[in-house]
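Each of the next two complexes has chain A plus one more chain, namely chain B in the first and chain C in the second.
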Partner chain A sequence: MFKWTFKSLFSQKATLFASSFGVASAFILVIFFSSVWQGEAEQIIAYPNKMEPDIWVMQKGVENLHMSMSFVWDWKAKLIEDMPEVKRVTPILYLNSVIVAKEKKLFGFVVGLLDKDDRAGPWELTQGRGIEGENEIVVPDVFRELASLELGDTIQLADRSFNIVAFSKGTYSSANPVFFVRLIDLEKLLSSFGTFSYLLVDSNEGVDNDRLVEKIKQKVSKVNALTHQAFVANDFALAKQMGVEIIFTMTLICSILAVLIIAYSSFALVSVQTGEIAILKALGVRSPLVFMSVIIQSLFMTMLAFLVASLFSLWVLPLIPELVPQITVRPTTSLLVSVGAIAFIVAALGAIFPAYKVLSIDPALVYKN
Partner chain B sequence: MLKLAFKLLGYDKQKTLFTVLALAAVISVILILEGFEQGQYTQLEQVVLNRNADLIAAQSGVENFIATRSVIPQLSRIDVEAVEGVKQAHPITALPIIYKKDNLRTPVYIIVYDSSGGPSELLEGRAFQYGSNIVIDKSLSEKYGLKIDDEFVVNEFKFTISGITNESAFMMPFAFINYDGMIDLFLESDIAPDLSTFPLLSFLLVELKPNADKQQVIRMLEASVPSVDVHTAEEIAKNDIVLGRTFFEPIMGVLVSVGYVIGLLVVGLIMYSDISASRKSYAVLKAIGFPIKKLFRMVVLQSSLLILMAIPIGTLLALISAMSIEMSEPIYLIEIVNTTVYYQTLGACLAFALVSGLFPLVIIYRSDPMLAFQMS
Partner chain C sequence: MKPVVLKAENLTKNFGSGHTAVRAVDAVNIEVNAGEIVLVMGPSGSGKTTFLSMLGGLLQPTEGVVSLDDIIISDLHESKLPPIRASKIGFIFQAFNLLDALTVEENILLPSTLTSSSKKESNERASWLIDSLGLSHRRKALPKTLSGGEKQRVAIARALINEPKLILADEPTGNLDSQSGLEVVMTLHDIARDTGVGVLIVTHDPRVEDVADRILWLEDGRLSKRNEEAHIWVQDPVCGMKVDKLTARYSSSYHNQKIDFCSERCKQRFDSQPNSYLAGVI
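== the complex of A and B ==
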C-alpha cells in the first residue's frame, strides 16, 4: 500500500511539483514577510546596540528611542557626570523627520552629536570623514545607492541644507535610517536650545549599573534611566509588537491558500486514481488504509513544499538585500520551525475533503467501462 | 467552442468547484496584499485631507505632514492671518509618543489642535470638554480595552478619554488633544527650561475667504511670511503618499510579486492536471480533426472561464477577509475596491489564464489520436 501511495503520487509528477511549488510560495510569502519584520526590528536597535553605553537617560515617562520624543535639560547631564560612579556622559539630540536628497524623500532619524566627540557617532564609514564643520552630515551608504549620492552632495532637512561628508555602514533600515549631524546644527533647525534628547552614560569599571540607574532616578528630577539592555529590549519589543497582528493575518491568509492548494492537488490526484482506488477496494484493501495513503500523499506534498520554502529562505532570501538594498531580511530558525508546524496542519486540513471522496468510492466502479 | 469548454468544465462539477475556489483564494490573496498597500496610501491621504484646510503652512522646507518635524514661530499665525484672502489660520502641533500599558507598547501620533483640525470621524463620545481630555483612535481603544472616561497616561500625565475616533496612518493610531492639554502636559512634566523648547506650533491650517484665489494667496503668504512654506492640502497629501511609497513599495512589491508567482503556479497546476486528466478527450478531438491551434484556444478559453468564475468569489473572499482584518485590527485599512488597482489585478489574473494555457500545451501536442480508440 505504501509503495502504491508513492507510485501513484509520482505518476502525476507535474501535479506533485506544481502543487508543492504553489504551497512553497505561500510559505515563502509568510517567511519573507516575517523575516523582513524581524530584520527591520533588529535594524531599528542597531544604533543603540552599537553605542552600548551602560545606561541611557531620557525624559521621565519615556522608555524608547524609536519614534519617541524626549527632552532633558542640559544641566542634568552635568549633574550625572559629576557622580563618582560615572565615567562619561555623552548627550545626543534626536529628531525624526523627512530627509530629502535629489528629489528622493525618506523618513529618517537624525542624531545631533557634540563637536569633536565621536562616542555617539557612526561606527563604520565606507567613504569620507567624520563631521568637522557646520552643516555637515553623515548619510547611510544604502541611501547613497538609492538616491545616487556622492560626497559633497546636499541633503535637505526642513529649510537647512547639509553637505554629505561621509557614508556610514549598518545605519539603514526602511523604518529607521540614521543620519548624523552636529548637535548645534540640529538645535538651530529645531529652534531649541539648552536641552538634549538622550544621555549615554558610561559607568566606571565595577559599578553596579542597576544601582546607578536607581541613583540617577532619585538624584536627578524628571528623568528616566534604563540599563542599556532594558532600553534596547524596549525598542525591540515595540518594533516586534507593531508587526504581530499583521504577521498573524498574513500567516492565516497564506495558510488558507496553502490548504486550498493542497486540497485541490489531493483531490485532483484522487480523481485521476479513482479507478485504481476502486480496484484496491475491490481487492479487499480496507478504506482506512486508502484514507491513510491520501493523508500521506498530502503530507508528502506539503513537506516537499516546506523543504523548498526552507531552502529558499536559507539561500535566496539573504540575497534579496543585494537586489533591494533598503530591505533587511532575517529568517530565523524559530520562524522556520513555526512554518513547519503550520505545514502539518495544512497537510491535515488539505487532505480532509479528498480523503472523504476516497471513502465514498464504490468498488463496483471496477466493473464499469 | 465556448459550449464545449463549458461542457468540459461541467463534466466534473465537484472538481470545477474546487478549482474555482483555489483560484479565488489566489485572487483574494493578491487583492488583500494590494489592498493593504493601497489602504496605507489612502490613510496617509485622508489624515491630511481630514484636517479640512484650504492651505497648510509648514516650516520652510517642509513638504510633508506625517512623520515630519515642522516647527514654525508662534507669531507667524498673526502674519499669516494678516494676508489678504486668509479668513483664519488654525494652529496644529504633532507629537509622537509611545503609549505603554500592561507591557504593550504602541507608537501614537498626537495631534494638538485648537479651533480646527480635530478628530474627523468621532465614533463615540465628544471631542473635548477640558484640557485634560483626549480623543483616541479605535485601534488603541480595542487593543488596550480603553473606554470613554478611562485614563490615558502620556509621559506620566493623566488624560481622560472623551472620545473614540477612527484615524490612523503609517501603521500608527492617532490621538487628539487641545492646546490646554498640551501645555499642561509640558508644564506638569517640568522637563525643560521653558515652553519654547517644545514644538508648540507645527502647522497652520489656513482657511480662505470665499472666492479667494488659492495660488495667489500662496504667493502672498510665502512672500510676507518667509518662515513658512505654504501648500494645498492635496499637495501635502500627495507628498505623504510619495513618502509612504518609499517605505512600503519595496516590501509590498516583493510580496505582491510572490503572490503573482503563486497565482501563475496555481493556475498552471490546475490547467495541467485538468488537461492531463482529460488527455483522452483531447485525443478524441484530435482524432476527429481538431487542429492544435483550436485545442490550445480551448484550453485558454477554459482557464479564462475558470478565472472569470473565480473573480467574483475571490473578490468576495477578499472583501470578507478585509472586513475581518479591519474589525480585529482597526489600525489597518484594506482597500480592495480601488478601481485602478482592482482592475490591474484582475487584468493580471486574466493574463495568468493565457500564460497557464502554455503549461499543458505539451500534453495536448503529445497526445496520440490513437488513444481515442483505446479501452479505458
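== the complex of A and C ==
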C-alpha cells in the first residue's frame, strides 16, 4: 500500500504540483508577512538594543522608548551619576517629528546628543562624520536613497533646517527611522531647556542592576528605571502588539486558503482514484488503510508545499532589502517551525472530508467497466 | 469427491422497496467444487454482476447464505471481509482492473501484502507466476504499456498470488481479441486442473463452454442448468432474431407447430397477425 500511496500520487503530477504550488503560495505569504513584521519589530528596537546601557531611566509612568514622551530634569542625571554603583550616565533628548527632505516627508524619531557624545549616537556611518556643529544632522542611509540625498543637503525638522553631515547604517525602519542632532539644537526646537528624555545608565562591574534599579526609583523622585532587558522587552512587545492582529488575521486567512486548496486537491485525487480504490477494497485492502493513504497523500502534498515555501522564502527574502531598502525582513527558525506546524494541521484538516469519501466507495464498483 | 469451496443457498438480492422494488437475484443455489470450472451465462441484465458481487463478499444478500471454504461470509460484517477476500478469492475482471501506477510485478504482489505470508515466499511465488504466464519480459512494465492479453495474464497472476480457494472471473475474455481470449480460457482451465482452485466464470463467450465442467443459465435473477446438448437455433418470425429453442421463454402454437419468439412483444405481434409473418416461420 505504501508503494501505491506514493506512486499513484506521483502519477497525478499535475494535481500534485498544482496543489503544492497553491498551498506553497499561501505559506509564502504567511512567511513573508511574519518575517517583515519580525524584521520591523526588531528594527524598532534597534536603537535601544545597540545602546545597551545597563539601566534606562525615564519619566515615571513611561516604560519604553517607541512612541513615548518622557522628560527628566537634568539635575536628576547628576543625582544618579553620583551613586557609587554608577559608572556613567548618558542623557538623550528624544522627539517624534515629521522630517521633510526634498519634498519627501517621513515620520521619524530624533535623538539629541550631548556635544562630543561617544555613547548614544549612531553606531555605524556609511558616509560623513559625526556631529560637530550647530544644526547638523545624521540621517539613516535608507532615507538617503529614498529622498536622493547627499552630504550637505538640507532637511527640515519642524521650523528649523539641518545640514546633513553623515548617513548612518541600521537606523531605519518603516515605523521609526532614527535621526541624530545635537541635544542643544533639539532643546531650541522644543524651547525646553534643562530636561532630558532618557538617561542611559552604565553601572560598575559587579553591580546588581536589579537592586540599582530599585535604588534609583527610591532615591530619585518621579522617575522610572528599568534594566536594559526589561526596557527592550517592553518596546519589542509594543512593536509586536501593533502588528499582531494583522499577522494573526493574515495567517488565519492564508491557512484557511491552504486548507481549501488541499481539501480540493485531495478530493480531486480521491475522485480520480475512485476506481482504483474500489479495486483495492475488492482485493482485500481494509478501509482504514485506504483512509490512511489519503491522509498520507495530503500530508505529503502539504509538506512539499511547506518545503517549497521555506526554500523560496529563504532564497528570496534576503533579496528584498536589496530591492526595497525600507523593508526589514527577518525569517527565523521559530517562524518556520510555526508554519510547519500550521502545515501539518492544514494537511490533516484538508484530508478529512476526502478521506471519508474513501470510506463510502463501494468495492462492487469493480464490476462497472 | 472434491470439497466444496463455494456454496450459496437461497441467495436473493432485492433493490429498492415498494412498487419500485427489483429482485435482481432470486433464490439462487449454487456449489463450486475444488478444481471445477463452472460457467454462468445469461443475457444482459440477468443479475450476473449482482450474483458475482454477493459470491465475492462485495455485496450483502437480502436473503440466503454464501459460504466460502466453510466460512459463512454473508453473515459477516463488512470489516471482517477484506482478509477473507484477500486470502481466499482471486478476482479477474473484464476491464482487467490493474493499478496504473504499479508495475506488473507490484500489481501481482499487492494482494500478498495483505496476508501474513513472508516477503520471500511472495516474491518467489510471484516470480513463478510471472514465468508461468509468459510475463518475464514485462516484469517492470506499467499496465498502460501492456496488450490486453498481457493485462489479463497479470490479473490472473494477481488472482493466484495468495493461492485462493476460488477464482471469480467476470467476462475474462470480454475485452480481448480471439487469440488472447483463447489463451486466457486455456490458462483458467489449466489453473483449475493443476492447482485445484474452484473457478466460476461469468461470460457470454461461447468458447468458455468447451472447458467448463458445468454450464448454468442465469436469467431474470434465476439460475437454471443449461442443457448439455448443443443449441437449437431457430428464427423468430417477427424480428428475425435467433432464438435457442431449448431455452426460449415465449412461444405460440400455430397449425400444431410450436413457434418460438425472442420476446413477449414478438409473440403478441405474431398472435395478432400470424399470416403476416408466415414467410418467417421455419
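General observations
Keep this in mind: the second predicted complex is superposed on the first by the 368 of 369 C-alpha atoms of A that agree within 3 Å, B and C clash if a C-alpha of one lies under 4 Å from a C-alpha of the other, contacts with A are read in each partner's own complex, and residues count from 1 in each chain.
One rule holds in what follows: contacts are C-beta pairs under 8 Å (C-beta built on N, C-alpha and C of every residue); 3 or more make two chains touch, one makes a residue touch a chain.
What you see is a predicted model, and the numbers here were worked out from it, not measured in a lab.
Between chain B and chain C, B contacts the larger number of chain A residues. In the superposed pair of complexes, A:Val285 makes contact with chain C only, with no contact to chain B.
Of the two partner chains placed around the shared chain by superposition, chain B is the only one that A:Ser174 touches, whereas chain C remains out of contact. Of the two partner chains placed by the overlay, only chain B lies in contact with A:Gln241; chain C stays clear of it.
In the superposition on chain A, A:Pro363 makes contact with chain C only, while chain B stays out of contact range.
Touch criterion met: A:Thr15 reaches chain B, while chain C stays clear of it. Of the two partner chains placed around the shared chain by superposition, neither chain B nor chain C is touched by A:Ala120. By the touch criterion stated above, A:Trp4 is placed in contact with chain C alone, chain B being left untouched. Of the two partner chains placed by superposition, A:Ala41 touches none, neither chain B nor chain C. Where the contact sets of chain A with chain B and with chain C meet, they give residues 275, 369.
Only residues 12, 14-15, 18-19, 21-22, 25-26, 28-29, 32, 36, 59-64, 67-71, 73, 95-98, 100, 103-107, 154-157, 171-172, 189-193, 196-199, 229, 239, 242-243, 246-247, 250-251, 253-255, 258-259, 261-262, 265-266, 268-270, 272-274, 276-277, 321, 325, 328-329, 331-332, 375-376 of chain B touch chain A when the two sit together in their complex. On the side of chain C, the complex with chain A involves touching residues 49, 52-53, 56, 58-59, 79, 82-87, 91, 93-95, 97, 99-102, 106, 110-111, 113-114, 158, 170.
Interface residues of chain A facing chain C in the complex, by the touch rule stated above, are 1, 3-4, 7-8, 10-11, 275-276, 279-287, 362-364, 366-367, 369. Considering their complex, residues 12, 14-15, 18-19, 21-22, 25-26, 28-29, 32-33, 36, 59-64, 66-69, 71-73, 95-98, 100, 104-107, 156-160, 174-175, 190-195, 221-222, 234, 237-238, 241-242, 245-246, 249, 253-254, 256-257, 260-261, 263-265, 267-268, 271-272, 275, 320, 324, 326-327, 353, 357, 369 of chain A touch chain B.
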